[in-house]
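Each of the next two complexes has chain A plus one more chain, namely chain B in the first and chain C in the second.
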Partner chain A sequence: MKKLYDILSLQFELADFESKRSDLAFCKVKASQAISLLTHLRDIHGYTHLVMLTCVDWLEDKQFQLTYLLHNYATKTDLGILVFIDRDHPVMDSLHHLWKQGRVYQRELHEMFGIDFPGSPGVEEPMILEGWQGPPPMRRDFDTKAYSDETYSHRPRVQNEPEQHMKEQLYSED
Partner chain B sequence: MNLRDILSPFFVWKRAFEKPYSINTLSAPRPGAPAYRGFHKNDVSKCIGCGTCAEICQNVSIEMVPVATAKDGDSGLRPKIDYGRCCWCALCVDICPSGSLTMSNAYTWVEEGLDKDVRDTFCYTPGVDSKPWDNEPLGYKKPDGYELLLLDRIPMPHLSPEERLSSFVELVKGYSRELAIREADRCIQCGICTATCPAHMNIPAYIKAIREDNIAAGLQILYDTNPLPGVCGRICTRLCEDVCALSHRGDAISIRWLKRYLTDCVEAEDYKDILKTEIKPLGKKVGIIGSGPGGLSAAYYLANMGYEVDIFEKTAAAGGMLRYGIPEYRLPYDKIDKDIDFITSLGVKIHYNTCVGKDISFDDIYKRYDAVFISTGLFEPYFIGIKGEDNEGVISGLKLLSDVTEGKEVSLGKHVVVVGGGNVAMDAARTARRLGSEVTILYRRRDEDMPADREEIDEAYEENVTFITQAIPLEINKLADNRLEFIWGKAEMHFEEGAKRPQPVLIEGSRETLVADTIIAAIGQGMNFAWMDGEAFANIKFGKWNIDADRWGRSSDQKIFIGGDMFNRTADAITAIADGHRSARAIDKLLNQ
Partner chain C sequence: MNDINDTIIPEPVPEYPDWRKDAKTLTNAGLSEEEQDWFCDARPQPAKKSWQVMENFLNWARSNSLWILAFGTGCGAIELRPLITARYDISRLGMQPRPTPRQASVFMIGGYVSIKTLKRIVRSYEQMQGPKFVVAVCSCAINGGMYWDSYNTVKRIDEYIPVDVYVTGCMPRPEAVLAGFSKLKELIKGGKAEGQNLYAEKFDWYKENQKRVIKDWNMPDYNW
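== the complex of A and B ==
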């Protein structure tokens, strides 16, 4: 797979090649070149299958990492393309014209991380969070507890602490 | 609209007579897998209500509800689980310190009656609210070989038995900072121990302070309820450790050694800065008789409240049984002094060598002070009650221990027999070992019935003390060579219903002999009120053995309070300290409110 990387490097600005197994490798590419690289991989190098598109939130680095995982049926190898985009302006080119299922992944990333893929059909429609008011919930700075405290009402409950409870029952007069 | 549209709803009806595709799970149940994480079960007799399940629950689905009366080691609370929140992760089962919480493999529950209180809908208290799966043997249990709790105690470094016998050096070396933090880290902060501690020390709080390496905060917490923490950190009977939640499946937290670690971390001269005592004098005086833990504790709290405190002590040094009844290798004198010096630094005056009834009369004290706290302790050793006990060479355990404390020359001879199975007996035996004697302990009941701390018994074994159990002393005779012949008989155990310990009964005709140079009787001590006189004495009501007092130590004379060994039943330092604190508050209530 290193060979493929070297060939691709002639045309694209790639970096950080990392071979995880003999049939699995990852490398990084500039966001502006990502879609043409994917097209190239699909049409020239036999990576015809988009296995998945997912995201990692690097909160501290203020970046989202998009991972495009492609599969080549002929060589039985997987290639992951990593793309880093600005977390504060999360916009990425859409790939729905390359793989139809891409629109579903992009809709999900829009909903869960707030990443926009302009032109992707139905990207703003909710997938599972119908009527969601809050910030995208998979972002690491999303405070689940604060959100549920604000949004939902609580079932009334009394939390008895053993120490306090035993004091009241056994030696409150002391 | 055509005819078909109108009729089609009716065609659906023909399906009503066909076999349904869905399965009715209620009439044809499909059991969960054998280790399925289904609805919870709780063995409520094993559960101690420590709330650790509620603490670890990531969904806040467990509420601790009172279902029984709290008692030692059991808060009486039980977990109630909200299945609207539970995600069946089973962390509660995995961490349960008592091992009482498990899960059945039942996964269907139809709740009827939605008119119920919202607090009870799809909520129940396992083991308390009966459910069909209560006796279901299958389901999830904590797997072996995986543990969320740290069940093993960090071992305390000790002197080896050989090193011990050659000196009176403290045998427990104490935790280092690293070991103490690791031990403190095991605590689950449930607070079950706080209720059991006679002084109700805030144990979880000071353990947390150790964990956070905040020694100053830890010391302040200790002094809130115990002004002799350096002493208790060494010799406390640590009832707290008996009920520690971790003791159910592993080792209790070394609460005592952690307390010791805190006090050992702070130099005596830093106590004042850390504890920041500001005293506003009230102009009232309290007299205290006896400078044992009870008297010192009362003195500390009273002095802090602004009272002028005088302690009358018949011996030349303060501490009472702490100093004269506990050997140096368990409680070094400089550690007692460290605690006492801080108390006297608050202005508490101790009048040494002042025996009430001899050097000063009780009546005098009663008239001179606004209140009097009496904690003279149990200082009169009991006799064995056999023939020949008055021979020279028969002494009490307490006499030996106090002679050693006072630095007197003690010669016990080669063979020593100690009679008794309490802490004084162990201390006397082990002191005799250090003085070079061969020691045999005779005890009336079985090994497991001995009232001494298990640790002391085990250490005595390690130090090669010989134990003879189920032995009843019969008589002591003086031999021609000035040695003593000790005659004892074997006893059998009679178990009576309801009795805590069996009754020893002499086997008819049994007669064994031991020859000893010294015989030490350590079978307990009693009190004595011969020193009391005057009008106050005439006014106080006495019970069978003791002054009548309520739980605050208030006697029938409102100015007189009692505490310590002469008042409580456990007769240990921490209870005396608790008595002193309680009476100090009662005295304050009397004089200042």
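== the complex of A and C ==
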């Protein structure tokens, strides 16, 4: 994996290579080069399968981390490409032309994190949050408890103190 | 932070005209004008009871022919499948699953209810023909369960459709579900499972609750 990283480093601005296992590694790339790197990996280095595209909200750093996890069926290795984008202007290039399943991941990220992928088909359509009007719920500054309390009514809880309850049960005549 | 939130939040839904002003008909205001003509605007009416002996006989007949709507709304729905097999054999209670709401009389809410599912539940419940009964299975349908702070899961289903029997557990064993169905049969025989009439009587309250959480109301108010 390190070898591949060195080869790729000649063409792309990579950083922070991290080998987790012999068959799993991660590296960072600039957001502007991410799609060309993914195309390069898919067409030349055999990383033909997009395993997943997911997002981490680094609220303190004001960044979203997008993780593109690719799999190579020939060498049976996984390579994760980390892309950091600005949290205040979350726009990323779309990869729907590379992998068709990418449009589903992008639709989900658009719904849950509010990341925009211009040009991705159907990215604006709601996936599970039909008629959602609040901010994207998977962002860390979204208070899900407060939203739940003000939107849905709570069934009040009846609690019995065990000692008191048993006294009333056993010695109710006294 | 504020300016992106402004870009993400869609335009507020225009306020629908107050459909309670005219108590006799429904406006179906969530639909387009063309679609409003496709649906009836009559409100549900409580069923009229005949004399007691006849009603007792009908209740006995109803309790022995309960057909379940096979609509799995959550993880508890998987507990319905063993009931159909030879081990628990629900057909000895006169129950069987049906694929369509038009043929079913028991609606089993099996677990958590998200807003997207609630829309389908309301729709299926209103499509069911009376007499109809609702069994809420799993703690999520009763008090939210582990989804008590979720942004997309309603905490109690009995604010949106009337519930006749609750079965607690996460998830309840098939025996517990079976006990719940037996309880439902007792209630029907005693004439106490009146959820459908409750829905008709408190229709405005139920509809208000439903419309409060389903923000994009684009279905008819009743009568599919």
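Please note the rule applied: the second predicted complex is superposed on the first by the 152 of 174 C-alpha atoms of A that agree within 3 Å, B and C clash if a C-alpha of one lies under 4 Å from a C-alpha of the other, contacts with A are read in each partner's own complex, and residues count from 1 in each chain.
Note that in this section contacts are C-beta pairs under 8 Å (C-beta built on N, C-alpha and C of every residue); 3 or more make two chains touch, one makes a residue touch a chain.
Being a predicted model, the structure only gives us computed values, none of them experimental.
Look at A:S9: by the touch rule set out above, it reaches neither chain B nor chain C. When both complexes are overlaid on chain A, the residue A:L170 reaches chain B alone and has no touch with chain C. When both complexes are overlaid on chain A, the residue A:N160 reaches chain B alone and has no touch with chain C. Of the two partner chains placed around the shared chain by superposition, neither chain B nor chain C is touched by A:S19.
Contact with neither chain B nor chain C is seen for A:Q101 once the two complexes are overlaid on the shared chain. By the document's definition of touching, of the two partners only chain C reaches A:D88; chain B does not.
With both structures placed on the common chain, the touch criterion links A:S32 to neither chain B nor chain C. Among chain B and chain C, the chain that touches a larger number of residues in chain A is C. Applying the stated touch rule to the two superposed structures, the overlap between the chain B and chain C interfaces on chain A comprises residues 155, 157. The touching residues of chain A, counted against chain B in their complex, run 155-167, 169-171, 173-174. Of all residues in chain B, those touching chain A in their complex are 49-51, 54, 63-66, 69-71, 75-77, 82, 84, 118-119, 190-192, 194-195, 200, 204, 551, 582.
Here chain C touches chain A in the complex through residues 1, 4-5, 8-10, 12-13, 114-116, 119, 142-144, 148-156, 159, 213-217, going by the rule given at the top. Against chain C, in their complex, chain A makes its touches with residues 88-90, 114, 128-137, 141-142, 144-145, 147-149, 151-155, 157.
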